[in-house]
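The structure that follows is given in the form of structure tokens.
Naming follows writing order (A, B, C and D), and every chain is counted from residue 1.
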Amino acid sequence: MKARVTVYPRREILDPQGKAIRDALTRVGFPGVDDVRAGKSFEISLGTEDLQAADRQLREMCEKLLANTVVEDYSLEILGGAGAQP
Amino acid sequence: MKARVTVYPRREILDPQGKAIRDALTRVGFPGVDDVRAGKSFEISLGTEDLQAADRQLREMCEKLLANTVVEDYSLEILGGAGAQP
Amino acid sequence: MKCGVVVFPGSNCDHDVYHVLKHVLEQEVTFLWHQDDSLQGCELIVLPGGFAYGDYLRAGALAALSPVMGAVKRHAEAGGLVLGICNGFQVLLEAGLLPGAMRRNENLRFQCLDVHLRTERADLPFTRRLKPGQVLRLPIAHAEGNYEDSPARLDALEANGQVVFRYCEPDGRITSESNPNGAARNIAGICNVAGNVLGLMPHPERCSEAVLGNTDGLALFASAVEVGSRHLQAAGAGR
Amino acid sequence: MTVLQKTAEPAVNAETARSIGLTEEEFERLKKILGRDPNWTELGITSALWSEHCSYKSSKVYLKEFPTAGPHVLQGPGENAGVVDVGHGWVAVFKMESHNHPSFIEPYQGSMTGVGGILRDVFTMGARPIACMDALRFGEIDAPRMRFLIDGVVRGIGGYGNCMGIPTVGGETGFHRCYDGNILVNAFALGIARHDRIFHARASGAGNPVLYVGSRTGRDGIHGATMASESFDKESEQKRPTVQVGDPFTEKVLLEACLEAMRTGAIVAIQDMGAAGLTSSTFEMAGRGGTGLHLDLDQVPLRQPGLTPYEMMLSESQERMVLVAKKGREEEVEKVFRRWGLEVADIGEITTTGRAVLTWHGEMAADVPIQPLTEEAPVYRRPVAEPTDLAARWRAPEVPQPDDPRQALEELLATPEFASKRWIWQQYDHTVRTNTVQGPGGDAAVLLLKGTPSGLAMTCDVNPVYCYFDPRRGGAQAVAEAVRNLACVGAEPVGLTDCLNFGNPERPEISWQFREAVRGISDACRALAVPVISGNVSFYNETEGQSIYPTPAVAMVGVIPNLSNLPNPWFQREGDRIVLLGEDRSEFGGAAYLRLLYDLEQGRPPEVDLDAELRLARLLRGLVARGLIHTAHDLSEGGFLISLAEACFGRRTLGARVEVPLAGADLFSETQGRALVACAPAALDRVLQAAEEAGVPAREIGETGGGELVVKSGGEVLSAPVDRLHEIWSTALPKALGL
């Protein structure tokens, strides 16, 4: 089973990268952009086809490693069999 | 309108970060994980509500700034009004 | 005093710290391998700078899970001395031995330059040779030194006296211009509540010899070594 | 003999051979060597080995002219890197290499892998790398694409060295429109080793296993060596998948593991996989050792399944090494690599046949003789033609006088060319390893040689405009300037490495430039007693037929016997006396003053008097050794006034008042063989006397102190607050980059 984990800096925390990207986008001609948040995305092939087991494992991975919950939030997504990535 | 841009290293290109994370996950007790790809995720608030305009703008942003198309692929996703991020 | 320098794959200041402890301060030093979970009886443990496990994911994140960190945690809980420098500091944060987290430098670039630090605590095992308010000049070299935590936890950190060093002007004033990376409240180094675990971004080992033109960093190691030797003497006297 | 030709692969004929870089004659030559038609894999292997990048086929005849021997030289050109004795039982191992094309396509990965490659060259020799430098050339800074390239290159160089924990202690950065379509990224690395611990890439011992260590092989960078041997055009865009991705973490681990494995005594030969990957590494090792080779391609660790022998042999995946171990002792070696978390595969063995036999899936993937493809690769003496307009190029320029010298100085200090390069080197870790006594920003970087009183100094130099107008003088000038920069820190040169960046050598004028530049470097090396111990040639630096200026970058290393009297490039104390050494003339051929202020490039570059350079260098070294001077800074691009201003820009700025027989434009004349020194008043007589004894013209011109830079020549020429000049100079580069 394939899953996607997305990790973003917490809302209340300053996101210097997101801010830099927004400024850069404005500079190169996208004035309408009023907020950018920059996060990380992981595509993970799991050794299980069990949805519940997958969810448990992914949560544990996030807590242990993929996200630093002091400053980051994460979200999970199970990808369709083929893998949604182009 | 809010959109999410996901940027991954191209398939055929080395992804040292993904490899390091997979190795670490295996080490700390997730032996079933056989592949991890590490990419970037951007959540962008656009100044338009027009789907087509948004799509065009996002593509341009990716080509110009968000993705390095020499080594990366990107994909786009329009987020539901409320913003899908938890 | 017996000192241990932890070596993760990707550590690159391990030899530098070893050199200062061994050749400048003439202590017994050994390298500790990331996969061992014994500290071989070392009293001072140093987590050196570098890019442990490539710093992929987040600086220090992968290293925090290595076997040796279990032993370092036990050592710290028992009151043993632990010093994390730069990447070592990041590892301590990720391992939960110190509070807070690092983000990328505000300008999103690696920065290597000399900074000034104001000493906020001169009563710790690592700072007893310094005076309160003393200004040091130390080099930094990092891309992720932008210290952050929630306002409430930062307040608690201050209230507990856990802020040990702050970036400052040469005359000791705390200004935003003197902050090289955007760290909350100009924080450059912090300790745990007990004061036996210290993490800082600047590199004291890079300015501990006169031939390099600056010896401001030596006091940190010398303080720790002095504390350690007293322990030894006390233990010896007791026997 | 039948070798495998897969049906899915292109047919082998003169045309497909040309498509991967072999000429018709070369294709015929290969058929003659084999006595039959090659298969696709053999064709690919040959095309890589005979590419300009690997074979040096157009440059070899000239490179022979370099003086390569010297009392300190233990290994000259021909190995992965050169080796010189630096005393106290230590040797320095160094080399410089280009990564121009990859960096233009993808600046971050291109420059990263450039640094990675040169570091492997050094540690393959058994040396621990302790310093890097980077020589960069960019085009006009205001183009958005150029800013993107600059940013990417700087991040990439930093990204690799910083992670490896090897300080980048110096370099140079130039800007000129001739690089608009073809930037230059030259990376230098230096390592040290004990005298008796040097390793070679020379295979020996039939039956000894061939081991593969490091990253797995993927499809990246296939035919990179061939690409580096072609000019840019629209097609290059499509070759983008050939981009290689660097993984400095793996290289750091590889470095530690290799150095540790070398200590086992079980390694016979070792070679990194650089350009042309597995092909060049195994063939060159066997070629040098005169052995044969059997490779079992089924054993090559792959990143993704399904690679063909052709792809495996030509992949340029990074962070890989090949080594020959002593038979029966593989285990010892393998254990070390595994401990560091690296993969090891036994992929073949050394034979006595002189042939490379590659098997795959039980069939013969290739079977070729090695020496005819390596040591006996084609060599060309290409047609050479002096440019027909040389006389016009050499016509002395009309030199306008500046309306206001202070304004001219301020304008020059604000150009990217003269501006402080701090924005660049602040992104490089230059203090790790605790050897850096003097990092970037001075004339030469100075490193401790721990455990000894000595230091190592290094610098990199070249002036491409000089080289365009007179490549021979330009080549000599680069060497002379490097010697001067080393002398300013009291270092005696022990060797140099070069990176010769030129256009398409099939054009007679480019071959002429190359020949002349090599002659110029050789002239100067002989006169100044500096052997060339390693180097690299990068041809085909052209876009759409537009060639770069000839850019033979030179990196030189010297030894400082004792560090206790090290002067500084900046004024140290108030009241020090300033002495100008060397002879002043009015020379403006190719001068920055004309180029940057009047957009005029014209004239034969300044004369290089090698005897005078030698006398000056000896004098400077003597002054440093005797501890007579606090400051030494040479005069180079921009001339007297620029150097004087730079000397005021120390960590604490300090002014100066001088009176000189120079006025107007002559303040910016680029006459060679000059330097500024400053000393305590009490030492002045001894400094002047030493100069007289050395046969170097010297005059006291004033003293340091205050916050103003004041220059008089009869009347007052200019007066400016140093802090203002410093502000202009130190902020100009980020400003020009739009940051």
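Simple rule for what comes next: a contact is a pair of C-beta atoms (placed from the backbone, for glycine too) under 8 Å apart; a residue touches a chain by one contact, two chains touch by 3 or more.
Remember, predicted model here, so these are calculated numbers, not experimental data.
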For chain A paired with chain C, centre-to-centre distance based on mean C-alpha positions, whole Å: 31
Inter-chain centre distance, chain C versus chain D - centres from mean C-alpha coordinates, in Å: 36
Inter-centroid spacing, chain B versus chain A (mean Cα positions, whole Å): 8
Set of chain A residues in contact with two or more other chains: 40, 64-66
Residues of chain D whose C-beta touches two or more other chains: 247, 249-250, 341
Contacts with two or more other chains, residues of chain C listed in rising order: 53-54, 56-57, 62, 65
Topology of the chain contact graph, where touching chains are joined (line, ring, star, complete, other): other
Every chain pair in contact, whichever chains are involved: A-B, A-C, B-C, B-D, C-D
Touch list for chain A against partner chain C, complex: 9, 12-14, 16-17, 20, 40, 64-66, 68, 70-71
Residue ranges of chain D touching chain C (in the complex, touch as defined): 155, 158-159, 162-165, 247-250, 252-253, 256, 340-341, 425-434, 436-437, 448, 450, 563
Partner chain A, residues of chain C touching it in the complex: 57-58, 61-62, 65, 94, 99-101, 103-106, 108, 146, 148-150, 182
Chain D residues within the chain B interface of the complex: 105-106, 108-109, 215, 218-220, 240-241, 243-245, 247, 249-250, 303-304, 317-318, 341
Interfacial residue positions of chain C with respect to chain D in the complex: 9-10, 12-13, 15-16, 19-20, 49-51, 53-56, 109-113, 139, 141, 143, 203, 205-206, 208-209, 211-213
